[in-house]
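Chain naming follows the written order as A, B, C, D and E, and within any one chain the residues start at number 1.
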């Protein structure tokens, strides 16, 4: 058993940094006002850089977590999400929230949770990481203590989260019962054999796990917390939820299904495909009716979940690309979505408004912001030049490879529907009359973060090869044993 | 029916009664008391399963910490003061859903050949030392993560529940 | 310089047109000299071509000379710009080049001072280009190209004074009406191509004569082709545009709507005559029937028309109908002969009328009168034209009309001949009436009369030349005359369908038609000479008939009604359908369906936590049941 | 010896009762208590499986320990949030907390 | 000269980037940059058209760059950035160059945020070039959507809303409908591309590679309609055409020009390039349907146009009608008809661009487009009237102008393919075209001068020049179509399943 504690270094950095933030907040009042957010971002960045030490490595810690490119990819990914979340929060927190130290500490803790969801190679670790992530988000969601909507969002998120994690746990217990192990590879091994004696329990466990993870990633019909939590949470927290909770959920979802449940793929494929179809239909259709930007993005993210679920439905023993495609789209979605949220945060910082109608005339008052928001929304809609087009294309194609043409058709159709409600936002920005014609002051730091995200959107959109290679290198590790060797022949 | 089974049925009966009480009692405090009953009975089940350590943990954490916390919360939110319906309009659906779920679960559980999976023997003693060793060595990461979870809960509880100036 | 160089004939005016279009504004006198020069050059070039043809024509099996170049060509398709010079084309060319030269000269006087003087000549040059091309075309595609070209020029020139609402409307009407015929023409052309695989007229004819087409197919195709001729030559039922076309300047009427363009339909049918012969006889019967109908309609309408140009226009329709009847009797010779002389005397009549209009600025016959004294030259010329039109011996019209009556008597039913003779009577009536009302009697509008003056020499000289031709052109019917001019013989030995015909003088036909003509003149004289009191009484007595004719058999009204109540309403219905059904229901509706389903679905988000939890449980249960159901 | 099915059926009943409680109850505190019942069921499952099926390793037991730990933390955190709501809105009933919907 | 094709995409993209860097207050600088770019695109397009070697009708100016490979299902090469021009694309590339060149002139006097306008305009142009030049299906689709997207803002911001009394068409509505409709069409294309890729199993989106596969007959029959309808939406296929008139009514001049002139061609081009060349049997099976819809569109568009009073609606419906001819030509499945279809794409592109330019020129001054309230405008605006006349006459198929050459080919092809009824109706539609064109001329430009419009002046010199360029090509193709036919026929004869 490998007990090389240094493998956990990036998380130690994060945890230590979190502790430091709390202390700094406590003892160093002046700094905390302006610089705490950036300090936290530096911590996330430091952990990201630390995690790069294990690039192209393949090892594990006590068979609990593994450190390979999959882990590294998500460590970097979540670390960067943390960086952007902290930077984007800085002004918001300073102006509107109490206890900034704890706030940033919690953000860093979510990064740990997310990273370990990706890194876990057995159920218990995965579960605890998931709870770490969720708990932090519950707190963050209700962080605006005197805002009823924040309270309400937090309450719903928390109670439903507890409920669903109970379901998830029950499912895990059943799986554990029939496989007698919590190791993904062990489960895989058992399931490769004859399952006829215990398949009822097995499938019930599977269903419950799908439900639990479905809740985490907001798949219909387990999605209902999403709009309320998104709307209630303080804006930067919404951004964080939309990015890290979803990405973490999918990192685990994908790994679990690719590593552990793959032998049953023919049984669960259609169910996930059905969930996926329902998710993208409901998410995108209801999004049409929204008039709050956070709620709109919530429903749009539900729609995106539908697309991502396609990637899991398209998994198969001889198709590693679905996994890569899923992660690629996940990355594209998160980058675009974060960009959109950063825009919304900047606007909220100026005006304290988050209704879509409030965006009237933004193009006059802040052209760059309007442009950036349009780009991010178009990227989410899957328009060319931007990340969303390429990533969706590859994801859908991967699904079609597995004979899911009907599902891909629904996906294409719903992403067409999504264009409508994104265009409505664009319409308000470019066609609405601004309340007053004055320009907004330029928030340089946020703009810089936004610019970096937009560059990401364009890079992925115009030259996805580097990201795709990275993704492929990482997903090569989530396939167990012989299959992995056979399926990722194209990889390095 | 062995005596073991006899004990099981008694303890199980208490568990179910306690659980039922939690979800149907017309008074919040009664619910809380039923919860204690259920928790303690579950601890008994743990004993039956020869998981003594777990039983102790159960009593300490649940019987002690959790129930007290809940009672505190009840007092703080003064739910007992206001006489009102404790059940929502959704109750019939809830019952149906729970029943459906129960039948599906029981179908699955009963329909599985546990004996074939090796559920014939059961050990009688779980060595706590070995358990501790495994917990702190083999399961170090979850343990550390759990500590973080607790910290988060702590921070959260403090940040959220604490009264602020002007409140 | 010979027949191979025939392409120069249209090329010269084409070049002139391009120059005028681009630089006309900057040329001295707006470039009228260039236009006239180019057209005259065309005529000059025509002469060596004619001479060359005359050298060749006697040779055995001569069937014209073809030259040209590929315009569009790829594996399966070939479009040629080919020219063919043969007897038919030469006769047409003679009329076109010569008459247009004269009319261009005449226009210098007539159009003097018009703000768009230069434009007039530009458009006329384009017209001549297109017309010559039409005549020379050796294939149906080029023919169609030129056909549309002349139609377009006609549109431009009818609408020359487009500030006048009536002129703009007339131009539109002319173009659209002929266009309806052209639909048929194009269909016919492509139908012919479809089987033969070529557009070359000669090859198509050979293909047909070899039995390449089935009879029904060919009949359909040639009837479609004939539809084009009906439109262009203002035959019933597409005749309504021609009277209105008189809104254009008079030289335009003279050239386009009398001498050249309107006879293109006749020319086309003559060109395609071998096909008509091969086709089912029904085809030619249709031609005859349409021609005869046109003759009768136009002759009757002309009797009550009061606009000097309109009367002449009706007479043109009348003549065109006669030519069609001749073709119906498959006599290319008779049709072409009439076409040839008609070009001269009808241009003459129009130019005479133009002189009157120019001199008096009046067009209504009831405002004119007694002009013979003020404008003797014009009166003389007009008289010559009138007599030629009526067909009085020995004017050119006599010979040509006689030929037609003759072939009709040979080939067609007696009733047709009877109608023809009756139409000659009617022609005499309305032409005489026109002459009497305009040139004799008492001036009805003193003001106009006082200002009336003879046209300037630049106008009267061409008129006189034409008058001379109107007298003598008919003598070409005689073989001796033809031979003297270098032709193999009379027109019958020059232009013919199957074999040359010697000139024959059918006494019966000549006498009967002459009687009809003289009778008509006498009748008209009795009615309209002087105060025309009898005519008015006659009109009162036959009031319904008068109204019918006066209202042009209500064709225009019927068409207008159809356009207003069928076409435009149909258009509005379709537009409404498009807006309300296709768009607002179909398109917006399906979009609305998505929006509406979103609207319905959003209420699933009740805001209440227990509902959310229930959804989760339901999801689990459904998934589980389905999963287990598949298994169990 | 008690067949394992006994424990499993019991845990199913417990879990279902928990579900019923979550769905039927209005008070957030009661819902939380119902969730605790569900977690109890999970613990029973884990321990039973561990004891019956995989006695050499203690995975199930460890799992149960963590479940209990997390459950405790969960209660603490959830009650804090409930308290926060109560302070701001003077209710702990979840169906009265619905300003955000649709 | 291989860079020329790449440059046609790089120049618009570069222009958009350059314009972004220019402060928006320098309106004239923006204009001149746009003009430079437009002219260079025009010249590039001329070069590409002129230099295209048409002997064998294959691809020229090929450029293939790796873009995304090493994906197992994409194969080693995967998606490549593969550009090339063949005989079908060459005239359309030229068309794009012409229209954007003229379009810059027509947009000269846009004052409101003209920088943003040109940025979007050039993005759209880049997309259009991309579609014509892409040989890789992925990029074809990429550019296809790219060409559509900027349309929304272009119409919604710079367009105009109109109250027609009985109904109102706002620019937002027009823009939204247009974009959604076109993207809806692309949904079908998207699906069909996926299916084709999988069916081919070549691990490539490259058209030559995909074209080398023989697809099962049922597969072809199933998926050809996806391409047919998907691309057909953009081509104004009846009954999916209503975005076109409404969109045009709302759009600003240059956008209408590009849109009707070039963008609608993308649809027909797509049917030909993708649908028919990959699925010849499917195309043959569906050809009667396409023919029927094409004829219906031609007639229906013409009749609708006849009922319009708004100039833009009229031109918009005429576009529907003329695109109906294009679809007829495609449906003939023979060389003549398809040649005609491509010719018609070019011809219609130029003449409809001219018409929209003229509508724009008059709307700029009069702020009205109802033809019945004008009258005798040719007195003050003779050039304007004559430009209108040329465009109109070309569209009604007057020989000597571009429209005739194209329509004639189409009709001949239609008859050859035994759709005699369709050909006859098509010819009838051409006659109806004459009706509404002449009606419009009579209403607006002829007849007594309406003193209300005494203040209207002749078009600006730039507009005149832009129009003259278009007229030059209308006449050029009308008189000497061989340069076009040579190129088109060389490629069309290589298409599979063409008789």
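Heads up, the rule we're going with is that a contact is a pair of C-beta atoms (placed from the backbone, for glycine too) under 8 Å apart; a residue touches a chain by one contact, two chains touch by 3 or more.
The structure displayed is predicted, hence computed values, not measured ones.
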item: Path length in steps (a step moves to a chain that is touched) from chain A to chain C; value: 1
item: Remaining touching clusters (ignoring chain E, no chains moved); value: one piece
item: Any chain in contact with chain A as well as chain B; value: C, D
item: Chain whose average C-alpha position is farthest from chain C's own; value: B
item: Chain nearest the global centroid, as defined over all protein CA atoms shown; value: E
item: Leader among chain pairs (count of C-beta contacts); value: B-D
item: Whole-Å gap separating chain C and chain E, where each centre is the average of the chain's CA atoms; value: 37
item: Gap in Å, rounded to a whole number, between the CA centres of chain D and chain C; value: 96
item: Whole-Å separation of chain centres (CA-atom averages), chain B against chain C; value: 102
item: Chain B and chain D: spacing of chain centres that average the CA atoms, whole Å; value: 6
item: Residues of chain B engaged with two or more neighbouring chains; value: 88, 90, 93-94, 97-98, 101, 104-105, 107-109, 111, 114, 117-118, 138-139, 142, 146, 149, 152-153, 156, 160
item: Set of chain E residues in contact with two or more other chains; value: 180
item: In chain A, residues with contacts to at least two other chains; value: 124, 128, 131, 135, 138-139, 142, 145-146, 154-156, 159, 163, 167, 174, 177, 180, 200, 203-204, 227-228, 289, 420
item: Pairs of chains, among all present, that meet the touch criterion; value: A-B, A-C, A-D, A-E, B-C, B-D, C-D, C-E
item: Of all residues in chain D, those that touch chain A in their complex; value: 8, 15, 18, 22, 28, 31-32, 35, 38-39, 41-42, 45-46, 48-49, 53-54, 59-60, 62-63, 66-67, 70, 73-74, 77-78, 81-82, 84-85, 88-89, 94, 97-102
item: Of chain C, residues touching chain A in the complex; value: 591, 594-595, 597-599, 601-602, 604-605, 607, 609, 611-613, 615-616, 618-620, 623-624, 626-628, 630-632
item: Parts of chain B lying in touch with chain D, wherever the complex brings them together; value: 2, 4-5, 8, 12, 15-16, 19-20, 22-23, 28, 31-32, 35, 38-39, 42, 45-46, 48-51, 53-54, 57-58, 61-62, 65-66, 69-70, 72-74, 76-77, 79, 84-88, 90-91, 93-95, 97-99, 101-102, 105-106, 109-110, 114, 117-119, 121-123, 126, 130-131, 134-135, 138-139, 142, 146, 149-150, 152-154, 156-158, 160-161, 163, 167
item: Chain B - residues contacting chain A, complex; value: 104-105, 107-109, 111-114, 116-118, 137-142, 144-146, 148-149, 151-153, 155-156, 159-160, 164
item: Chain C-facing residues of chain E, complex; value: 167, 177, 180-181, 239, 242-243, 246, 300, 303-304, 306-308, 334-336, 339, 376, 378-379, 393, 396-400, 404-405, 408-409, 411-412, 415-416, 420, 423-424, 427-428, 430-431, 434-435, 438-439, 441-442, 445-449, 481-482, 485-486, 489, 493
